[in-house]
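Multiple structures follow.
Heads up, the next two complexes both have chain A, just with different partners, chain B and then chain C.
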Partner chain A sequence: MQELLSVKYDVESGDFIRGGEASSSIKKLLQQLGIKADIIKRICVACYEAEMNIVIHSYGGYIEAKIFNNKVEIIAKDRGPGIENIDLAMKEGYSTAPEYAREMGFGGGMGLPNMKKSCDEFYIDSKMGEYTEVRMVVYF
Partner chain B sequence: MKEIFHSVSLIEERCIGCTKCLMNCPVEAIRIKNGKAVIYNEKCIDCGECIRVCPYGAHVSKGNSLNDTEGYKIKVLIPSVTLYPQFGQEINPEEINKALLSLGFDEVFDITFACDVKAEILKKEITKVEKPAISTLCPSIIRLIEKDFPSLNDHIVKMLTPIEISAALIREKYCKMGYKENEIGIFFLTPCPSWITKIKELKYNEKIGFDGAIAISEVYPKLLKVLNKTSNKTYRKISKTGLLWSFSGGQSQAIGIDNFLAVDGIKNVIKLFNDVEKGKIKDVDYIEAYACTRGCLGGLFLIENPFNAERIAKKIIANGEFSYNVELHDEFQSKFAREDILKVNLKFADDFESAVKMIKNMNKIINMLPGTDCGLCGSPSCRAFAEDVVKGLANLNDCKFIKNGGE
Partner chain C sequence: MKVRDLINSLNLKILAGEKGLEKDVKGVYCCDLLSWVMSHAKSQNAWITVQIHTNIVAIASLLELSCIIIPENIEVEENTLEKANDENIPILQSDLNSYQLCVKLNQLGIDE
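For the complex of A and B:
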């Protein structure tokens, strides 16, 4: 399947004010493409969780949305520090979020599990000291 | 397909193309074309912001006049709850209702009854939808959801507003008494343009069937004249819990919920809905949302300052001793259910491929624009301009600041 269109947004570490803007832009793009509301909702929730993980847990990275004829692929990749134990990180309720993030309502440890639930395909890969990459696919 | 009506329109001779409305429209529905404002119908949500900001009175919203009530055998007026705090704290709601009656109506329906009914319905209904439940009586907010937030559909309580419930009850009552549909004239006394639009739309709904909307500002001077010298015929009291529906936060109080958000002002509402959509607002049970500052008491057709009006409303509520104490009937649920929200599609083109092409083109154009959102092209922002260009609504050379080598 050929990629038709892609957009990419930088996401900065610790930027809670602008964190979420990439998801908003991607939502708008999907609306302009005429994607159905319930599908947009699933993508929006997953994309926002991935974006906030970059803000909270990483040194910074990007969110990319690739549009295909029949699906959208969201890639959230950062520059580390990486996840030591992915199976543990995927557990519901597991979180290493710092206190200040918890006070803002983040850090429930439901981000990764919810991302997986919202998508048709979910891949996560990480190398300590290098990167974490989440790839999510939702079919139209 | 439902037709889109609007009540906000432009008097061209008054417009000098100053860009005030262009820059202040919260949903970017306005453009300046050939030196005059143009409202894009499919984007406008009738919030009335352009009317508020126009220094020349060029944007207007016209409701019905009292003359339009002629010709009906039975004339019923439904005053908005926002009417009662418009006359200072000395004048009782009963006096106001009596005065309204003397303007030539056969009945002044007590909308606070419908508010009490709706509160009872809501108590049950909000547990049936996705959390946070969203309920709004503001037609501008409904239109905003239909257009920009259709994915919030599962959060929305789909029941009629007290205004519509009132009309449905009135129509039913007089039909039962033997009046024909077209002999009954039902009018809403509205605080805002938003409801003028909504009521035009409801004209074709046989269950609710309004016959018109009259702006509160239209009858206000007449009311002032008759307020003190009305007959001493007594008029029934209005409900204090019903009056809670006039300001932001009051609905939640009426339902007896404390884990709620009351958000007012269209820009604040957009911000909050964006957060709800991302799943950010998790621990809230209920959201009430209004286009106007402080809720409906901030309506465009109201006279009293919204903050002072709220103080007065709370005084009337504190002194009131009456409530309808409605008992919930199961039939209410089906009787006052509302159809699903309309999902307006914002897609650029009917087929996917063309939409993709247009978006690619738009992104290219955005890179050529200065990003200063100066408004000189007649679009409210560089992004909106790029969208207009690919939709064929604007010309690329309307921008005088295209970056060198943009092509």
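For the complex of A and C:
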């Protein structure tokens, strides 16, 4: 399994204006590579949710896409504050988003469940005060 | 049906994204919870929402929605309109509310 290329984008905390741009760039790259539209859509959903989670919940981080000949791997890692209870965070409808984010239509408690549903493999790891890392794989 | 046809039939005001008016419209999606839209809206849907911040353009662009319809003459933030122009996503404004828009769209023969 050969890695063909990878791209990495910084995602700033609280930057709702640019939030989504990393996902958009990854989408364009996948389109250029001729990946099927339904696969791209699944990657987009997972990637966008991960990106907005970094914007809303973290102190900042990055999104990385690694493209192989048979799959794409999305890694979203931030610099904390970390998730206290991952099982709870994975529950549909559970959210810790602040009020202003909810008013913007975020914070429905759908982000992590959406990510998990959209990809073939989903891994999440977090350490309080240090980081949260999500790794998602979608096969072509 | 094209976005342009919706504008004429529903008397919508074009706020941004004029270069996208020839896009085809297939179905309508009406929701303001963004993660819900992200996981349920389909490509080429017209999207009705009261959200007006820049992120609606990111969602419309990622999902390849045909246009965004803002009900009840809600004013849209300037940077949202700028981003919509960059991405060629039409943002259309109506004096009708979301339900009334859905009824009219249905009468135009647009299925879900």
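Here is the rule we go by: the second predicted complex is superposed on the first by the 140 of 140 C-alpha atoms of A that agree within 3 Å, B and C clash if a C-alpha of one lies under 4 Å from a C-alpha of the other, contacts with A are read in each partner's own complex, and residues count from 1 in each chain.
We adopt the following convention: a contact is a pair of C-beta atoms (placed from the backbone, for glycine too) under 8 Å apart; a residue touches a chain by one contact, two chains touch by 3 or more.
None of these values were measured; they are calculated from a predicted model.
Student: For A:Met104, decide between first (touching chain B), second (touching chain C), both and neither.
Tutor: second
Student: Kindly classify A:Val137 by the partners it touches after superposition: chain B alone (first), chain C alone (second), both, or neither?
Tutor: neither
Student: If we overlay the two complexes on their shared chain A, which of chain B and chain C does A:Met90 touch? Say first, second, both or neither.
Tutor: In the superposed model, A:Met90 contacts neither chain B nor chain C.
Student: Taking the superposition as given, does A:Ile67 touch the first partner, chain B, the second, chain C, both, or neither?
Tutor: Only chain B is touched by A:Ile67; chain C is not.
Student: After lining up the shared chain so the two structures overlap, which partner does A:Glu49 touch, if you call chain B first and chain C second: first, second, both or neither?
Tutor: Touch status of A:Glu49: both partners.
Student: Does chain B (first) or chain C (second) touch A:Ser23, or do both, or does neither?
Tutor: both
Student: Classify the contacts of A:Gly34 with the two partner chains as first (chain B alone), second (chain C alone), both, or neither.
Tutor: Once the two structures are laid over each other on A, A:Gly34 reaches chain B alone.
Student: Pick one for A:Val7: touches chain B only (first), chain C only (second), both, or neither.
Tutor: first
Student: Do chain B and chain C touch any of the same residues on chain A, and if so, which?
Tutor: On chain A, the residues that contact chain B in one structure and chain C in the other are 20, 23-24, 27, 37, 41, 44-45, 48-49, 105, 114.
Student: Can you check the complex and tell me which residues of chain A touch chain B?
Tutor: 4-5, 7, 20, 23-24, 27, 29, 31-34, 37-38, 40-41, 44-45, 48-49, 67, 69, 105, 114
Student: Any idea which chain C residues touch chain A in the complex?
Tutor: For chain C paired with chain A, touching residues are 32-36, 38-39, 43, 49, 51, 53-55, 58-59, 61-63, 79, 83.
Student: What does chain B use to touch chain A in their complex?
Tutor: Listed in rising order, the residues are 148, 150-151, 153, 274-275, 277-280, 282-283, 343, 345-350, 352-353, 355-356, 358-360, 363.
Student: Can you check the complex and tell me which residues of chain A touch chain C?
Tutor: Touching chain C: residues 16-17, 19-21, 23-24, 27, 37, 41, 44-45, 48-49, 52, 104-106, 108, 110-111, 114, 117-118 of chain A.
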